[in-house]
């Protein structure tokens, strides 16, 4: 890249959401419209996920002004899974800065699945971007903390600040995933073999597995996303979590890579930076305006919540959120 | 994707640009700031490109309201090259519609260079997206027209409508590239071997080579981009060129793939859908607001104009255009 | 490679075949044993191949001493197809020498299918080996001749010398394949784009398409193979076709790459350098001893004749031909 | 593959080596000819290897009749490294049989480097062949033994039987490599994630690291290779180590994959199944006749001993060993 923007402040220019009642109505409509959809299959790669009630369904919009609108099961908790990648990335950007994280973790789409090792080998061990597992592990490895325990507490504390409440570990999910995360251990070792992770790779995988097992609700996801939409200030608590620059960086990376090799489709259809998790959560962020958090466990073959995608697409359209 | 948005209108929500004087000042500042940068190398893969004056430098902003601001060599013409991909894609989307073009051409980033054949083979001949050469050829092959001659006239007519004036072929560039476009012929044949191009692949390459040799100025690029920003209506001529849906589709694809395997970096640094050409042009679009067109022949190693990128990044920041 | 063998003559050390009667008996047994096998499917990628009688079946062994043993349809002609690659390679090695052809065409297995373009791109256009289509085209492009017509006559003349009789073009196969060889045209253009073919790539494809359409019988294949087994002297006509060094080079390349990405399996199961064609021919060479030529049109999913493979494996075992 | 050879005995057909004096002279000549070559660099990826005397140089030929000819440092010990892969593979073939090992480990060349993970991912976790590290680990995982300790003792016992004397672990090499084998740990975890290794992958890596650290001499390598040449009977001790079928299988795999992505070159230049190790050893096998063992630490850029390759090529030629 050939930019030269040091010292030039990024100005902000935004539109605004429709009024309170209109948003309230549309969130209700998004929930009602897809309530009876029963497509998709609940994730079963770990037994504990497969036991969830597939009928659970919550839709929530948090405005950057602090208003929160919900319909359905917006307070039911589930594990955040890959959605955590976006917020841990923001925390690491806050610590290390734009350029350093760009060089260490990257921002470009690999064109390959989330757990691929091909791109790692083709790029001399570079993890390529923070949303694929290689990059997410490399990002978690950069979390501040004098020990792995501290790193984990900082992950939890950081994501809790995004959510505006103390998030808890789902111990059953954590233990279950710890027993089946061989692929992540392989990826972490591979990064280590290229000198891209300098600490104990198994400890990094452990922190990462914990971060994926944090419990959130659709409400939490909406508030976490709205914090990114609001330039880094949690619109409910008023706490600054990260800088405005970090928010833009994080949203740009989500737009480019948040849905892995199908990120282009997501922009083409919905037009918002977003991230989904295999437990059924999705967060989509409308910069300056707010965020949509949804929860519904049944997934499409690509691993994204069926009702969640539909509700997000509906709200992106009706609320005028598509950034293009 | 699991969206369900048929019949739901996309609402539009925009902010606005600063006032006339401020934009005028910032365009002048963007030009002045980088005028003396002499990094980069003029493209020489065809002799005619290498003879251009490397000192040429123009910066232009066209507002979606129709105002145009320029500084420097904004009326000097050069060949549009790969920037044509974006506008031919819009014309084909207008003809075939969102879903059909999605299936035939794709929208996802390959993680590979613009002229790679690896992704084509790995995806059973699918061209993957309209910005890599495979997808650009597949897109041009879809242009309406009863003959290749008609297709070419429709390409020229369509891009002229985007520019608001009749664009002309640079015959010297066309002939020079026709003698050196073996790679595109290989790619077109490969697509044919997979049944992805059903017409004569060499004729498709010929139309594509012509489209790349159309002459535009920085002023033209800004107006062309502003037509995409303005929901498909040329803000200078008032002519509707494509629909609002087509504009969103095109901008989403540019965001995801416009800079090939480095598209993520562009969003991370500049935050706008954009496209560049090896003759030194760049267009970047701020949805709802307008577009930046720049021209400066010296390129960085990735093939993007050095001063053009810098000016675009400057204006993205100072005009508050970053979509994130 | 770190060898240093200039001026050191390669000594030859061979065992010998069993006596005339024993070979005669085993060839008959190989034919009889698999006569009633009706597995496999006749190639149909061009219509003319699909019309062949699937019951045709010939087995032939030619000894390096000149004796020829046959059973079944050993004189029925069919198109040589990919088997031609081995003998054209030998002719080109004879002309350019060991080192030059090694550098230009290569000898290493790609691990990829015969018509892949991935290896070409990953290796900066190097065709990798003469058995995959990229390397076969690069090899044919090196055939001596002042014109493409002369090159083609030299291919035909050379293969005829290997066979010991004048081979003829199957005009129907040639025309049919000429209409469907888009993939080879793509590969040839790709090689041209990397500067690996300097002549007209379409003419190279034409010569290659002709070479694949030469008509041979199982008898011819056995004699052609026996010429390689006999250090380059046709054991029937007594004519020297290529040098002993060229024979070793050709057989080494067949062992490493003759069956494309499944070459290792062939050595593991049969232990002989070999080449097959989609019209149903197979030739396998026992260095110093002779060669097996078989013909039976029905192919397994990998494109190799079912009865041909079985008969070859049987004879490799019973005649003690496995080189390991 | 479409073979049908059950119950058909593989006949053996061999030539013979020149007489005792001639072999003795040629071994001496091979040693003398390259004694003063000082090209190549000693491996330094673990510190202990870098401390070896680069001047050490031994050449040894063991005949299948039991005669052993040596020149230079034929009794100096060094770690066997990757050469162990060939013999552990033979032991596993002896236990599981031709078909089972074919299916589990594979025999085809990947076209990729020894430690690549790309082929593993592209082939759904299949290790592809026993010479690349993925396949070597999968092979070691199959070694008989009720515990990892027993597996290791069986590896050591088996390789000792090939050598005809008790081989010892180089503890310093083992500890040094144990501290740096992250890549192998990554590969083993990756295989586990695909269900291709069912036991503890770290224990498999440990046994594999031990097997690579076994101490052998050039003399040992020649006898080990001659055991494969002699149909599985150690020609010095008279002990049957593996069956004749296992020897053919092992030699076929060495021919196809022993030198990784450059195996074709080795056949093209030397014409013998062979394996090299980064400590400077090479073994090359002439089926039915005997084997060449060499030792010289300085390596070429591909990781093969410079003097070892040259001596092997010389002896292959002068002793008439090239199988083609």
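Every chain is named by a letter (A, B, C and D) in the order it is written, and numbering of its residues begins at 1.
In this section, contacts are C-beta pairs under 8 Å (C-beta built on N, C-alpha and C of every residue); 3 or more make two chains touch, one makes a residue touch a chain.
Computed from a predicted structure; not experimentally measured.
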| item | value |
| --- | --- |
| Inter-chain centre distance, chain C versus chain D - centres from mean C-alpha coordinates, in Å | 31 |
| Separation of mean Cα positions, chain D and chain A [Å, integer] | 48 |
| Euclidean distance of C-alpha centroids - chain B vs chain D, Å | 56 |
| Per-residue multi-chain contacts in chain C, two or more chains | none |
| Chain contact topology (line, ring, star, complete or other) | ring |
| Touch relationships between chains, expressed as pairs | A-B, A-D, B-C, C-D |
| Contact footprint of chain D on chain C as seen in their complex | 1-5, 8-17, 33-34, 39-40, 102, 106-112, 119, 128-129, 247-249, 251-253, 255-257, 261-271, 273, 287, 289, 300, 304, 306, 309-310, 313-314, 317-324 |
| Interface residues, chain A side, partner chain D - complex | 116-118, 120-122, 182-183, 185-190, 192-193, 201 |
